[in-house]
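In the two assemblies presented below, chain A is common to both, partnered first by chain B and then by chain C.
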Partner chain A sequence: MTAIVIENLGRSFVTTTGTIRRTQKTVTALDNVSLTVEPGELFGLLGPNGAGKTTLTRILSTVLLPSSGRAEVLGLDVVRDAKQLRPRIGMVYGGERGLYWRLSGRDNIQYFADLYLVPPEVSRKRIPELLELVGLKDRAEERVEGYSRGMKQRLHIARGLINDPDVLFLDEPTIGLDPIAARELRTVIADLHNAGKTIFLTSHYMYEVDALCQRVAVVNKGQIVMMDTPAALKQLVANLEVVEVECLSVSSEAINRLRDHPRVEAVHVDNRDQVQVLQIQAPGGVKYVPEFLHLLDGANIQKVVTRQPTLEDAYVKLLGKDAISV
Partner chain B sequence: MISHFLGLLRVVAASFNMQAKERATNQLFVGTLLILPVIFTILSVSTYIYGGKADFGLYAVIGAGMVGIWNANLWTSGRIVEGERRGGTLSALIAAPTPFPVVLVGKSLSNAVVSLISMAMTFATGLIVFRLPLDIENPFAFIISLLLTLVAMTSLGLVLGSFFVLTRNAGAFIEVANYPIFILSGLMFPLTILPFWLKPLSAALAPMWGNLALGVAAGLVAGNPWLIDLYLIGLSLIYLLIARALFTQVEYRVRRDGSLETF
Partner chain C sequence: MNHWPQLFKTGARAGWANLSVELTPATVLGARIPRTVLQAIFFVLIAYAAGGIELARFALIGNMMHAAIFSCIVDMSIVIELEKWNGTLPYLIASPANWFPMMLGRSLAGYAEGLVRIVLVLCFLLPIFGMGIPAIDLLRAVPLFLVTAAAASALGWLSGAIMLPTRWGLLVCNTIGYLMMVTCGVNFPFTALPPAIQWIGHALPMTHGLLAIRAVIDGATYSDVAGLMVSEIIIGLIYGAVAWKLFAHRLDVARQTGNIEQF
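Let's look at the complex of A and B:
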């Protein structure tokens, strides 16, 4: 049986503005999304902020209803069979919210063990195992308010696993974590996948889905732009070279001049503190570096490097201007 | 069936403990529980003494205790839901296999039991500050009425709680609803001074019947306390049925509107 089946799923939200003369606006968060995830697969949903990743996760984890289409998890309809589905899935949202900060890590997990009706004899054994898995065994009795962001995130994972779910939804689990904490969390996710769990992971970090996922769907503005293996996504940019130009004051006119260059396929601007890094994708890009620099005259160029394309570049190519800085 | 029921009881107990642990760390809640009843008792009893009705002292003490209990219940149904929403735990609770009202019952009962401290504080204030003779005519009926009042107020709290899941402004609603309910329930002034057209509204409120049952058991009002207790039981059942129906609708609406995380 397929673990997740999504057919023509749509979701829109109505927002209102104004106090006395209220005007309504409908925002489409998901537009005709279809995909499947096989049992034991680690599937990634990649996209910029506002692409619809969290909306899809919330629908699949039964806390949000779709506006159109249908979705099944473990053969159960997420709308009609929510009651039967909930004990069999786990969900982990990114960020620090969603925990009882004034209680200890152990109390948090114990409470959700009770809510999921995990038999006491099972939870007595499982809770220490989960605390060990996420590296919180020695801090389990401390209040969550004293935990670092990474520790809270790992506690989220432990909580999401308390019912030993068949399918685990991870919504941007490494968001806001420092590189070491994010790497530790990715190790936990990889271990869960190796243990046979079906995992649905959303992220806007390309290297994360590249390192973890067997297949990935790139989503933008509520629609799936492409769905394949990370290797196949990289093939999209296999013939390209990437020229990275670090500058202090590049104008939008200069960027447009670059985009109009006949050999340039995409230009992505990444704002990093005081500098802007232009990632210029072009076949045989190295040969055209002098031309690119000429077009960027006055941009106060600090550094120029060329490199082979990565999954991130495939993402930039697919999303164009909608790709965000990562 | 039995194991399912036992499982739900376990959730009620877990939510009860969880709430007690959380509240124990909340100084504002402790303040509400300990200080507010004392202030209300002093104001209320002083008003009656100044008005030449010192024999209404016990009535004022019971009323002030009921105010404390009701405050703790509104805290439960309103602030808890609002707190869960702000803390991001509301969607996790709704997504759990246990029905959310069962969680709320546990948390409400926890606050209700703790709110008995309010009643103790008002009696202590009456005895120590005003040296009132707080003689209860039928102590056994008084205790039973007090427990049934807690159940009825918790049940009414569940009805309000369903609205609080829908609204983002439970706190503002609590502020607005508090004092009209005190007045309509006769917690601040005797019901006899209320106009006739307000009395049906009073009859639908658990605090009014609770206050009456305690007054009768204490010997302040003529009547049979057990009959009023029966009414409290019936009212609790009606509240629970309404709460159950409302929660089904409310859960559907928050899933439809995507409002579990908005505040």
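Let's look at the complex of A and C:
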């Protein structure tokens, strides 16, 4: 049986603006999305902020109803069979909310164990195991309000696993974590996958889905742009070279001049603290570096490097300008 | 149903944990005790000036009950409010369990706080005004207080459910508190209130419970006040049922509209 089946799923939201004259606006978060996830698969959903990743995760975990289409998890319809489905899935939403800050880490897990109808004799054994798994055993008796962001995130993972779910939904689980905490969390996710769990992971970190996922769907503006293995996505840019130009003050006119260059396929601007890094994708890009630098005249260039393309470059190519928010 | 005791126990522990965070020496000595005692002194003083020791005793019992019952309403409303602030409502929606016993358990902390408030008012005011109420009569009133507190918690739950989409649930709780002070016979004999106010008082929890408690403290038996307590229980059940349906409805609507994070 397929773990997750999504057919033509759509979801729109109505938002209102104004106080006296209220204007309604319909925003489409998901537009005709279809995909399947096999049992035991670690599937990644990659996209920029506002692409529809969280909306899809919430529909699949029965928290939100779809506007159109249908979705099944473990053969159960997420709308019609929500009650039967809920004990069999776990969900972890990103961020610091979703925990009882005044309770200890252990009491939080116990609270959710009861809400998920885990028998006391099982939860007594499982809670210490989960706290050990996420590295919180020594801090389990402390109130969550004193936890770091990374600790809260790991507690979220433990909470999501309390009912030993067959399918685990992870919505941007490493968002906001420092690099070490994020790496530790990715190790936990990989271990869960190795233990046979089906995992549906959303992220806007390319390296994360590249490192963890067997298949990945790139979603933008509520639609799936491409779905394949990370290796196949990288093939999209296999013939390209990437020129990275680090500069202090590049104008939008200069970027447009670069985009108009006949050999350039995409330009992605990455703002890193005080500097801007232009990632220029072009076949045989190294040969055209002098031309690129000429087009960037006055940009106060600090460094130029060339490298082989990554999944991130495939993502940039797929999403074009929309990838800028990543 | 076999999970209910466990859910109730965990809810009670969570309720206590929520309350205990606020029970620091600074908040207890600087706000909780003075607020409860000073408010009671204010109204008992007025009653003493207006009608002597008998009316003062009447106001003392009314105000100690009001202080206790008000904490039950606020604590239950805060339970809902905290779900919103903690961002745990999506998890509540998606949980397979019936969370009613969990909520019931979480309201227990309010009862405990209410009992402490009663003891505080008695400890401070009885010596100040030179009054005496036999301890045995007070102890006989405790079960009636617990029933009344449960009914008031249901009102707190309803208030929390009504105010869930807003950010001013606690303001409404305060308004309810003042309404009860005026309409439930706290400072004036209930039968002496204007009929319109009595009508409101009859529809609120505490009115019948307070009448029963006053009667028991004055020597009545439980069977004498059974009718009043049945009324109190029925009122509590009605508030509880409406609160349950409304809260569930709010969560259903949130599932449809996707606005659960905007509460």
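Basically, the second predicted complex is superposed on the first by the 323 of 326 C-alpha atoms of A that agree within 3 Å, B and C clash if a C-alpha of one lies under 4 Å from a C-alpha of the other, contacts with A are read in each partner's own complex, and residues count from 1 in each chain.
Operating definition for what follows: contacts are C-beta pairs under 8 Å (C-beta built on N, C-alpha and C of every residue); 3 or more make two chains touch, one makes a residue touch a chain.
Keep in mind it's a predicted model, so treat the numbers as computed, not measured.
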Touching partner for A:K83 - first (chain B), second (chain C), both, neither: both
First, second, both or neither for A:K125, with chain B first and chain C second: neither
Touching partner for A:M91 - first (chain B), second (chain C), both, neither: both
Contacts of A:R22 with chain B and chain C, given as first, second, both or neither: neither
Touching partner for A:L115 - first (chain B), second (chain C), both, neither: both
Contacts on chain A seen with chain B and repeated with chain C across the two complexes: 13, 55, 58, 61-65, 83, 86-87, 91, 93, 95, 97-103, 107, 110-112, 114-117, 159
For the chain B and chain A complex, residues of the former touching the latter: 7, 10-11, 13-15, 18, 21-22, 25-26, 87-89, 91-98, 103, 252, 255-256, 258, 260
Touch list for chain A against partner chain C, complex: 11, 13-14, 55, 58, 61-65, 83, 86-87, 91, 93, 95, 97-104, 107, 110-112, 114-117, 120, 143, 159
Residue numbers on chain A that touch chain B, as the complex places them: 13, 55, 58, 61-65, 83, 86-87, 91, 93, 95, 97-103, 107, 110-112, 114-117, 159
Chain C residues touching chain A - in the complex, by the definition given at the top: 3, 6-7, 10, 13-14, 17-18, 21, 82, 86-88, 90-97, 99, 102, 255-258, 260
